[in-house]
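Labels A, B, C and D are assigned to the chains in the order they are written; within every chain, residues are numbered from 1.
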Amino acid sequence: MSGKKPSTATPQQRLQEASQWWTTGIVDIEPGKIGIRGYPIQELIGELRFPEMVWLMLRGDVPSPAQSALLEAAMVAGVDHGPHAPSIAISRMAVTCGLPVNGAMASAINVLDDVHGGAGQQCMELLQRIATRSGGNEPAAGDVEAELDAFIAAHGKIIPGFGHRFHGPDPRAVRLMQLVRDAREQGVVGGHHEKAGALIEHTLAARKGAPIPMNIDGATAVIYSELGFAPELGRGLFILSRSVGILAHAWEQKQQGGRIKGPMPPGIPYTYNGPAARSLDRERPPAT
Amino acid sequence: MSGKKPSTATPQQRLQEASQWWTTGIVDIEPGKIGIRGYPIQELIGELRFPEMVWLMLRGDVPSPAQSALLEAAMVAGVDHGPHAPSIAISRMAVTCGLPVNGAMASAINVLDDVHGGAGQQCMELLQRIATRSGGNEPAAGDVEAELDAFIAAHGKIIPGFGHRFHGPDPRAVRLMQLVRDAREQGVVGGHHEKAGALIEHTLAARKGAPIPMNIDGATAVIYSELGFAPELGRGLFILSRSVGILAHAWEQKQQGGRIKGPMPPGIPYTYNGPAARSLDRERPPAT
Amino acid sequence: MSGKKPSTATPQQRLQEASQWWTTGIVDIEPGKIGIRGYPIQELIGELRFPEMVWLMLRGDVPSPAQSALLEAAMVAGVDHGPHAPSIAISRMAVTCGLPVNGAMASAINVLDDVHGGAGQQCMELLQRIATRSGGNEPAAGDVEAELDAFIAAHGKIIPGFGHRFHGPDPRAVRLMQLVRDAREQGVVGGHHEKAGALIEHTLAARKGAPIPMNIDGATAVIYSELGFAPELGRGLFILSRSVGILAHAWEQKQQGGRIKGPMPPGIPYTYNGPAARSLDRERPPAT
Amino acid sequence: MSGKKPSTATPQQRLQEASQWWTTGIVDIEPGKIGIRGYPIQELIGELRFPEMVWLMLRGDVPSPAQSALLEAAMVAGVDHGPHAPSIAISRMAVTCGLPVNGAMASAINVLDDVHGGAGQQCMELLQRIATRSGGNEPAAGDVEAELDAFIAAHGKIIPGFGHRFHGPDPRAVRLMQLVRDAREQGVVGGHHEKAGALIEHTLAARKGAPIPMNIDGATAVIYSELGFAPELGRGLFILSRSVGILAHAWEQKQQGGRIKGPMPPGIPYTYNGPAARSLDRERPPAT
């Protein structure tokens, strides 16, 4: 027996410790029975829509149809932004290296990190700080100014969720914010985060003297915040959404064929800026 | 310039080669415009359901509502099977190592490979061989027998999609096959793969003298085959589904806390069966 | 043409931009020629030891034999700490899911993140802050106290590199620090980080009233700092080292066999602490 | 208690089953003691060279210095082949997405699969089939012809380990084969795989009417086979080697900066070859 931390526990206690080591409130399984957050799985299949299942798994309750529809719209919006995105390119490159779809998706999803996949989460954190400052009321311009300044002091001048290297107004954000407005008017969401998003956009434009429109990360951050998701789950929901594009591109690449596809065709060189050719013997340091 | 394969192409030609190196029929992007399979993204947001978007991305057309509902049921069914599944356990372990959700999901999705995530794909391949042998007609018992024998000869006696180490009848499979039956009666699907699945189940039971019921991999394989997906996409759809559970467990583990969580609590030893303690000097081989 | 940011550049300029997009000072390749940091690869093969090649790749110069030997000792020390470590367990679990060694290693290496793989890096950052405070002189006890207090204020009371959940004195750390001492006496390293490490150990013991001995992360942090590596490379070197164990366990598991190996045998249950069984219909919220 | 397979085992038996679930002959750990293949770790640190530790971990014994030197030469040879290689490009792209080195390395190592990382393994399998056919004697030309034909029939005409899209003679392979020859002359290796490699090269050139020289995958396959490694470990050793380049490029990219680096600069478009712009409403299929 190896690797055992000294212990005076009985076998029964150690066994119980092992069971508790893996504790979950998500899924309960017995032979012939699978309960998801308490619901028998067979009652959910064919009844719950996929976004409702996502919500149930992440939060433990079932959303209203209108909440589910808003979540679904946000998840539909983010599936793909083409092979210039590192995640999509990596998925395609991976397939040409011999990987099946699980491996291609893993390598690609892995890079949806702070910079490539974290903008929505960071925007949600900003929205929540504004909400805290507003004390449950509709945020005022001053709340937004103060939190923007604090954010810039801490993280620099790039405000996640606003501006796009490529698009001016992002057509996805425009449409999503329309849906948020509709949902607010129907009482589905409260609208404070929507208001904060609009104030951030207004403030940035005023400071810059040019529009820095909300992008998809900002719009989904507003939606996920309005629906009450924690910021880190904003990243998670984006990953579930972008996984669709990652899979579609992996599959398309597989059908196209190709072996060991690098980032650029071999006819285009890369730049070497290191030392000129040299010989080992002449420069090797003497042994100490 | 480094790494350049010799070429006589002009800059214009090499540039075009670079553009063609990344060719896709999935997404077309211009400033302010994103087209998904030709559809402006803003027309899809709030209009397409998530499973419809999955279908559009993977196949290029939009399914009927009934087809989408069947796909959705299958995707809802597979989200989770608890922490005894390596994928779920890895997601939770990863979080305690410091990973954000993208990293936890990547490490976990990566292991949905041939054995843990490929059963559905393999079952779909079997179903399609039966369909080919049946020549477009409803499969006969003999078609199934012949392809089962061929499968066993090639891959061994475990038939993917049938039997479960844990459940007898799998409640997910029972419910899904009910939905397939309904869809067939409504003309949504043809029912040949459903029939093949039933014949496999019947044949295995007759051979074994005991039921080896269809499991969730078998039921989703029937559905994805009825809907016309390629087998490898069966694995991809399973990954999209199981990703929900992987994310939910990552998030739950994060809230529970814990650092560097191994597979078992430190009070339970592992077994060492290697050489007894020995000293390097006595056994080291002489230099040649 | 899709995804193109508007530009007035000529094809020649855009081609050059592509070449510069991938710029490196590490490796220069022409047909028949591979230069590593300027050295023809064929001059290095059979001449450089593996740790020397690691150093050359990471830093651009070749270390002295004594520096290389110290680096090698640290890399040898960290190869494995058994299947209670999440990285090792994940590697083994991955193989039973059907992954080849590259996939098993990827899933495992991925979790060597801040908590499971970052202790050495964090300890190096602490050592370098102490060095900065000491202004190039041997650190005094007060320097160490001040930086320890600052570290605890920022990150909490766990000091990375000291104490072990399992070992008292870590036999790897004891041996490595002996080698550092030898290297300092021979003039290979300066010894300021060694001194800082000893002062941290002393201070922690005095504060706690009990020994909190330096562990392997602390000892390798001292060595890598003495050799002049940046802290993030401390994590990288640990990964190169631990990869050996990850590969060895993947291979051993493959020879043992097993399918879909979860964290615990199926005879040991996990704990479900979620809602009791409930029915969807009764609790479903009405549509808004 | 959830997920428990019915069992009549006692707690003591179930606990033992858990310990046996994780069985290894590689590392034995007790408080204050770490044994690697039976050797106390502190006896190995500062004594074993890194390639010797790799060998000990993978195989359980310590190689001779000459065997270790040959292994080391092969591991030094494969560290990098520039950013046109998908693995290296992915490592760099990953860093610009916000990943630390462990994540960048994981995404990159993951793609060292059958096509990008499996050539050496496949070549080793070919060499071992030739060795089996030769019955322990030096392989004859006929043995090589027969196994080449069988390989081509099974896998197609690309022979892994021979030919290079970029180099003519691969300077790494030339140097490595020189070292194999030296080792054979000194009795370190038997030379049968070296001979087989030469015969393959000769046969391919004769069939093609032009040289298809052995590349680095072929040369390392010869070396690892001569040293007695299993083919899958050939892939593993390549990964340990290439991990050095993957880490070096991740680190260089981090110092260069850059955010969300795609495969090509945004000034170079990709090609869209999908459907022209269309509207959802007109084409949507009617509900069934």
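Quick note on the criterion: contacts are C-beta pairs under 8 Å (C-beta built on N, C-alpha and C of every residue); 3 or more make two chains touch, one makes a residue touch a chain.
Model, not experiment: these values are computed from the prediction.
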item	value
Of C-D and B-C, pair with higher C-beta contact tally	C-D
Rounded Å distance, chain C centre to chain D centre (Cα mean)	21
Distance between the centres, which are taken as Cα means, of chain D and chain B, whole angstrom	26
Distance from the mean Cα position of chain C to that of chain B, given in whole angstrom	32
Residues of chain A engaged with two or more neighbouring chains	1-5, 14-15, 18-19, 21-29, 31, 40, 44, 48, 82-84, 89, 99, 103, 106-107, 110-114, 117-118, 165-166, 261, 263-264, 266, 268-272
Chain contact topology (line, ring, star, complete or other)	complete
Chain B residues within the chain D interface of the complex	2-3, 5, 15, 18-29, 35, 37-40, 43-44, 47-48, 60-67, 82-84, 99, 103, 106-107, 110, 165-166, 186-188, 263-264, 268-281, 283-288
Residue ranges of chain B touching chain C (in the complex, touch as defined)	1-6, 10-12, 14-15, 18-19, 24, 27-31, 82-87, 89-90, 93-94, 96-99, 103, 106-108, 110-118, 165-166, 259-264, 266, 270
Residues of chain B defined as touching chain A within the complex	1-5, 7, 9, 14, 17-18, 21-27, 29, 31-34, 36, 40-42, 44-46, 48-51, 53-54, 57-58, 69, 72-73, 75-77, 79-84, 89, 92, 100-103, 105-107, 109-114, 117-118, 166-169, 171-172, 174-176, 178-179, 230, 232-233, 235-236, 239-240, 243-245, 247-252, 254, 256, 261, 264-272
